[in-house]
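The same chain A turns up in both complexes below, where it pairs with chain B and then with chain C.
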Partner chain A sequence: MPRGRILRWLIVLGGLHLLVACAGFLAPYDPIQQDREHPYLAPTRVHLVDAQGQLHLRPFFYGPRLKDGSFDQFEEDTSKPIPTHFFASGARYKLLGFLPCKVHLFGTAGTRLYLMGSDGLGRDQFSRILYGGQISLLSGLLGAVFTLLMGALIGTLAGFFGGWRDSLLMRLAELFLALPWLYLLFALRAFLPLTVSPLKAFLLVIVGLATVGWARPARLVRGVVLSAKERDFVRAARGFGAGNGYLLRHHIVPETSSVLLTQAAILVPQFVLAEMTLSFLGLGIPEPAPSWGNLLASLQQFSVLVSYWWMYLPAVAIVPFVVGYQGLANALHLDEAAEKIEVQRGGDPS
Partner chain B sequence: MIQECAIFLRRWIGIGVFLASAALLLLPTAAISQQSDSNRELLVVPGEIGPTGGRAVVSLRAEPKTLNPLTAMDAPSREVIGAMQADLIHINRATQLTEPAMAKSWKVSPDGLQYTLVLRKGLRFSDGQPLDADDVVFTMRVYLDESVHATQRDLLIVGGKPIAVRKVDAWTLVFQLAKPYGAGERLFDGLAILPRHLLEKPYQEGKLGQAGTLATPTNQWAGAGPYRLKEYTPGQKLVLERNPFYWKADAKGNSLPYLDELIFLIVPSADAQVLRFQSGEMDLISRLGAENFSVLSRQQRGFTMTDAGPGLEYNFLFFNLNDLGEKASPEMTRKSKWFRDVKFRQAVSTAIDREAIVRLIYQGRGAALWGPVTPGNRRWVNSSIPHPARSLDHARALLKEAGFSWKNDANGEPNLVDAEGKAVEFSILTSSSNADRTKMAAIIQDDLKELGMKVQVVPLEFRSLIDRVTQTKEYEACVLGLASFDADPNSDLNVWLSSGGTHLWNPSQAHPATPWEAEIDSLMEQQLDAPSFDQRKKLYDRVQQILADYQPMIFLASPDILTGAKNTIGNFHPAVLEPYVLWNVEQLYLHNEQVNAAR
Partner chain C sequence: MRYLLHRLVQGVLLLFGVSILTFLFSTLAPGNYLDEMRLNPQISSATLDALRSEYQLDRPLPMRYARWMNSIAHGELGYSFAYNTPVAPLLWVRARNTLLLTVTATLLAWALALPLGVWSAERRGRWPERALSWFTATLLVVPDLVLALGLLILTVRSGWFPTGGIASVGFENLSPAGKAQDLAMHMALPVAALVLSALPILVRHIRAAVAEVLDAPFLRAAAAHGIPRRKLLFSYALRAAANPLIALFGFSVGTLLSGSLLVEIVMSWPGLGPLLLEAILARDLYVVIGGVLFSTVFLVAGNFLADLLLYWADPRIRIVAGAR
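On to the complex of A and B.
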C-alpha cells in the first residue's frame, strides 16, 4: 500500500520537474529579453471566438495598446487578432541543458503573448517562472544532495566510532542547529567577492545552504547507526571477523537509506524556499537571471504589491512542488514505519 | 521699551525653569509682539490669505540627528532645521531667484567684493530675544572657526580666504570677499543665524556640539524660523509650534505662519509613508517614486497629487577613470584603457536607451538627460546640447574606430573584444537601497549586451559603494545620482573641479588629469569672477558642452519631483528645489472648516 503511494507522488513530482526541465521548450521567449514598450502588462487573454462571434480553430489574442494618457495601463487592441503558432521556432535555448534547440511549444510572430503578464522591464513572466524554476529547484535538489552526503558521512562517523569523535561532531552539530541560518548566510555572502557570475553565485548559494543544513540529517543518521551497530546480525558479522569497512558498507549504511530518503523529501522544498528567501533579499541569484526568489523581490515595493497581481504568480508556482514533496515525505515515512513493524514481527520468535 | 521687555523676559525664562510652565511663558511674550508691532519691519509676502490655526502632519524618512545647523549633515535634520531657522537672503524655491529675508536689502560694491546687508528692525529669535548684527557676526565667527567643523565652512571660503564680516551699526553689516564670487548673495541662503545668547557660553567652552541637540530643553534653543520645537518623542515624532516672533506677514497684515503646529512623523520607509498618507494620517508627502505616485493618483480620497516637473537630481553612469598606477591588477589596467577612451564612453552613451529609462522607471514622469543640468533648472540649462537618439550602429562604428572588434562565442553570439582580443566585460555598482538605479543598471546591461559587452550589475550597500568610489577606487563602473541643493552652478563646484571630492570619476586630483578637465577647471573659476548672469551662463554652457563631448559621466535621466497634499491644505505650491513642499511652510494653511474642527 505505502509503496503505491510513494510511486504516485513520485510520478506527480516527476511530471512537475519535467515541466521545469523543459522550460526552454515550453516557454515562448528568452526569459531575459526585455520588451520596453510593455512593462507590467496584465496576462493576455487567449481567445477562440473573435469580436464578430466567429469561432477560430487556432487560438488567437489581441495586441496591447496604451490607454489614452497613461503610461502603464493597457487595453486590448481588438482591431487585429494575432494568431498563435504551435511548435514555432524562436529564441535559441538548450533543451535539458545540453541539446541546442529553437522550437517552442507555441510562439507568435511579432507581438508577444504574455500568458502570465510581464514584469517592470517587459520580460515575459511565464517564461521567467519556468526558467526561474530550473534554478530554484536545481539549487534545492543539489543543496539537499550535498547536505545529505555531509550529514550521512558525519552521522555515520559519529555513530559508528563513538567516543570523543561522537561528542565532538555532535556538539558541532548542535552548534550549527542553534545558529540562525539566515544570518549565517548573510555573513557568508559578505565574505564573498563582489562580482560573482550568476553560475558561481548559484553554486555558492548551494554550498552555503549545505554548510548550514547538515546538522539535522547527521544527528538522525547517527541515531540509526548507533542502534544498527548493536543489532544481532551486525554483532554476528563482527564475530565472523568482518572489518569496519565491510560492516559499514553491507550492514550499517544500507540501514540509513530510508531515513535519508525521508530527509531528502523534507529538505528539497526547504532548500527551494531558502534559495527563494536569499534571492528575494538580493543575496542569491543576481538579476537578470530569473529565480523564483528574485522574481518575487519586486513585491517588496508597495506599488507593485497593490497594482500588479500577476507578480504574485511565482509564489503560486512553488505550491505544487511543496505539496508534492510533503506527500512523498509522508509516504516514505509511512513506509519506513511499516518496515519497522515488519522487522519487529519478523524478529519475533512467536 | 523693547530693551525693558527683553530684560523682563530673560528674568521670566529664569523663573520659567522653576515653574516649568509653557503657558505662563507665553503670556508676556505675546504681549511683547503686540507692543512692538509698530517698530517691526515685517516682510510682507504675497499669496492666498488663509485663516490662522490648525496643524499639518508631514513625515521624515529617518530620525533627525540634531537641531543645530552647525552639525547637521543628514537630510532629516536639515529638513526640520529649515522650518526652525532663517537666513539673511533667501532663494525663492518657486522663482529660483534670491529675495530679501531677514536682511531687508543688500548692495554689492562695483568690484563685487563687498556685500552690504541691512537687517530688518525688530527681529527676534523664537524665545523672544532680539536678533541683531552681533548675532550675525557671532554666527559667521562660529561657522568659520575651524575647530567647530561646521558643514557650512567650505562654502564661506571664497578665493582661499574666509569671508570677513564687519558690523557697521546694529542693523548694518559688511561682508568682504577675497575674490569676486558670481551671485555671491546666494551664499546666504540656508545660512541660519544662530542665537548668540544661547551659544556664546558653549562656544567658549568648546561644547557647541552639545548645544541644540534633540535632548536640549526646548527653552534652551531658538531660531528665527517660522516654527520652534514644542515636543519630541524619540523614534516617533517632533511637534513644532508657531514662532510668535516670526518676521513675515501676509498682505492683510496677519503675522505668519498660519498653522499652529507642524508635526514631523518619523516613518522609515517610503512605502509606509505612502500608506500613512493614503489613510489620511499625513497632510503632505514628497519624494515619491513614480510608481507610488501613480498608485496614489489613481485613488481619489481627498488628496491631490502634483507633478512639479523635473527636479535637479541627475542620474548617471560613470567609469573608473582614476590613474591606478602600478598597484592595479593587469586586468584592471586593461579595463582602465577602455574606460579612458573617449570613443568607448561615447559608444556606451549612444547605446543607452534613455527614453526607456524614463518610461520604465519613472513611468514617463522624468526627463532624459544628455548633460548635468536638468530641464527643471530653467535658467542654467544649455539647450543647445544635442540630444542624439539611441543608435546601435553609431555605437558600433565608434567602437570599431577605437580598435574593438567582434568575435563569436561558443553559443554563436557576437562578443566585443578589445585590440588584444580580450572580451569586454565589466561590472556596474548600484546602491542596493535604490530600486530605481538598480533597474537603470539592468536596462543599461541589456542595452550594452546588444553591443556584445558582458555587464554585471552589483547592488551594494550605499556606504560601501561610496567608499569604493572615493576611497579604495576598486570598481569598474557605477550608477549614481546627485541632487544639487541650488540651481546655481556653484553648488556643483565640488563635482566639476578636478580637485573636488565629488569629482566622482577621478576625485581630488592634484593636477587636472586631462586637458578637458583643465578647461572645465578654468571655466568654473572664470564664472565665479564673471559679474553678470549672461557671462556666467556662457561659461557654464561651455562646461556642459565639454561634459557632453567627453562623457566622464554618461547622463541618464532626471525624475520629476512628485508630491501630494490633502485638499484641505491651502497655498500648496511644490517646488523642484528642496524642501519641495515645505519651502513656503509659513504660508501653508488649513481651509476654514478644518481649522474649526481641529479646535
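On to the complex of A and C.
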C-alpha cells in the first residue's frame, strides 16, 4: 500500500517542480526588468466582460492610470481594453536552463500585465515568484544532496570501520546536533564575506546548509551500517574473501538507501525554509536575483507590511511544496516500517 | 547522583567543543572587522596596524583562543569591535530577554500540548480529534517565517497588541502591576508565534506516546478497578509514556531557541536575535561567538533539566546509576 502513496506524492511533487522549472515559459516577463512608473501596483484584474457589458472571447485587462490628484494610487483605465495573447513571444530566456527560447505562455503588447502585482521597482511579482522558486528549490535540493553525501560518507566510515574513527566522528556529530541550527547557520554566515555575487552566495548557502545538517543523516546511516555489517550474508561474503570495497559497494551502501531517501524528503523543505530565512534577513541570495526569501525581505518595512498584501504571496508559494514533501516523507516512513516488519518475519526485503 | 554528575560533565565538555569549533570557523573565514575599515580613506594604515595589534588579530590562533578563554574567566567573553565594550554585559541584557521569551513559550507550549495530546490519544478517530489533527497538520506546513509575518500583519491591522519592542514609552512610571501587564502585552505576539510553531510537533508526539501505552494491560486493569478516567489518563498513562516525552522536551528547547532567533528579528524583540544579526553584518566576531555560546549554554541547561526530570520520573535510571 505505501508504494502507491509514495508514487502519488512523487507525481504531485514532480508536477510542482515542473511548474517552477518552466518558470521562463510560464512567467510573462524577465524577473529583473523594472517599470519605475508603476511601483507597488496591485494585481491586475483580468476581464472577460468590458465596461460596456460586452463579452470578449479573448481575456483582456485595463492598463493602470493615476487617480485624479494622486501620485501613487492607480485605477483601471477603462477606456482601452488591452488584449492578452497566448504563446506570445517576449523576453528571451533559457528553458530548463539550456534551451534558448522566447515563447511565453501568455503575454501582452505594450502595457504589462501584473497578475500578482508589482514590487517597489515595478518588477512583475508573478515572474519573480516563479524564478525565485527556481533558486530557493535548487538550493534546498542541492543542499540536501550535499548533506546526504556528506552524512552517508561519514556515517559509513564511522559505522563500518568503528574504533576511534567511530567515536571521534560521532562526538563531532553530537556537537553539531547540540547547537541550535539557526544559530550555527548564522555563525557560519558571519564568518564568510558579506557582499558576494548571487552565484557565490548561492554556493555559500548550500555549503552552509550541508555543514549544519550532516550530523543527523550521518548518525542514522551509521546505525544502518552497524546492523548491516553483522547480517549473515555479509559475514558469508567476507568469509568468501570479499574485500572492504566490495562489501561496501554491494552489501552495505545499498542498505542505507531507504534511510537516505526518507531523510531527503525531510531535509529538502527544511533547507528551502532555511534559505528563505537567510535571504529574508539579507544573509542569503542578494538582489537583484529573486528568491522566495529576499522577495519577502521588503516586508521588513512597516509601510510595505501594512499596505501591499501581494508582497506576502511568495510566502504562500512555499506551502504546497512543504505539504508535498511532508506527505512523501510520511509515505516513505511507512514503507520503511513495513520493510522492517518483513525482515523481522524472515521475508526477503527486496 | 552520579548519573547527573556524568551528564553535567558532558554538558561542560560540549560547551568546550562548541567554543573551539566556532573559534576555528571564525579564523578559517576570510576577512574581519578591520577589513571594512580599510575601505575608509580617512583611516591610515598605521592606525589599522595599531588596532590590529590592540585587538591581537596578528597573533596565532592558539594564543587568541587562550586569551579569549582568559577573558571568559574574567566574565568578559572577548571584546566587541563595534560597541567598544566587553561582550558579556552586552549579551547578558539581550540574553535575559531571549530567555524570558523562550522559557515562557516552552512552558506555555507544553501546558497546551499535554492536555491536547492526551485528550486526542484517548479519542482517536472521533471528529473533535480529527479536527485537532487537521489543525496541527495545517500548522505543521506553515513555515515559522510565514507564521511570524502573518501574526505581525494581523496585530498591526487589528491593533490588539503592541508590536515591536519590549516596553511602552514611559514604562518606568508604571506601577508594578502595570509593568507586568505592559510586559505581557508586548510578549503576547512573539510568544504566540513560538507556541504555534512548536505546538503541532509536541501534540503529535504526545499523542503517539500516550496512544502506545493506552492499550497496555495494566491500564485496562486499572480501568476495571474503577479508577476515574481523568486520573487514569493523566497520572497513570502519562507517567508510563513520560520517557520519550522528556527527551522531546530537551529537543524542543533547541527548536524554540532557533525559532525565537527568527521571531525576535521579525517582531523586533530586543533579544539575542537582532544583536546577532547586527553583529554579523558588522563582522563583530566575538559578539557572534558569544551569542552562539550563550545559546548553547541555554540548550545544555535545557537538556540538563530534561535529565533531572528523567531521573525523577524513571526509577530504572536511579537504580542503574546507583548500582554503578
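Brief remarks on what is shown
The working rule: the second predicted complex is superposed on the first by the 340 of 350 C-alpha atoms of A that agree within 3 Å, B and C clash if a C-alpha of one lies under 4 Å from a C-alpha of the other, contacts with A are read in each partner's own complex, and residues count from 1 in each chain.
Here is the rule we go by: contacts are C-beta pairs under 8 Å (C-beta built on N, C-alpha and C of every residue); 3 or more make two chains touch, one makes a residue touch a chain.
Not measured: the values here are computed from a predicted model.
Contacts of A:Leu66 after superposition on the shared chain: neither chain B nor chain C is touched.
Contact with chain B, but none with chain C, is seen for A:Ser303 once the two complexes are overlaid on the shared chain. Legend: residue contacts after superposition of the two complexes on their common chain; A:Glu287 is shown touching chain B, with no touch to chain C.
Chain A has more of its residues touched by C than by the other of chain B and chain C.
In the superposed pair of complexes, A:Trp181 makes contact with chain C only, with no contact to chain B.
When both complexes are overlaid on chain A, the residue A:Ile32 reaches chain B alone and has no touch with chain C.
Look at A:Leu121: by the touch rule set out above, it reaches chain B but stays clear of chain C. The residues of chain A shared by its contacts with chain B and with chain C are 194, 282, 300, 302, 306. Interface residues of chain A facing chain C in the complex, by the touch rule stated above, are 171, 174-175, 178-184, 186-194, 273, 276-277, 280-283, 296, 299-300, 302, 305-306, 312, 315-316, 318-319, 322-323, 326.
Residues 32, 34, 36, 39, 71-72, 92, 120-122, 194-195, 197, 282, 286-288, 300-304, 306-307 of chain A are the ones that touch chain B when the two sit in their complex. The touching residues of chain C, when paired with chain A in their complex, are 14, 17-18, 21-22, 25-26, 28-31, 140-146, 149-150, 152-153, 156-157, 254-255, 257-259, 261-262, 265-266, 276-277, 279-281, 283, 285, 288-289, 291-292, 295-296, 299-300, 303. Remark: chain B residues 270-271, 274-275, 289, 291-292, 294-295, 353, 356, 359-360, 363-365, 411-412, 427, 429, 432, 435, 438-439, 442-443, 445-446, 456-460 touch chain A in the complex.
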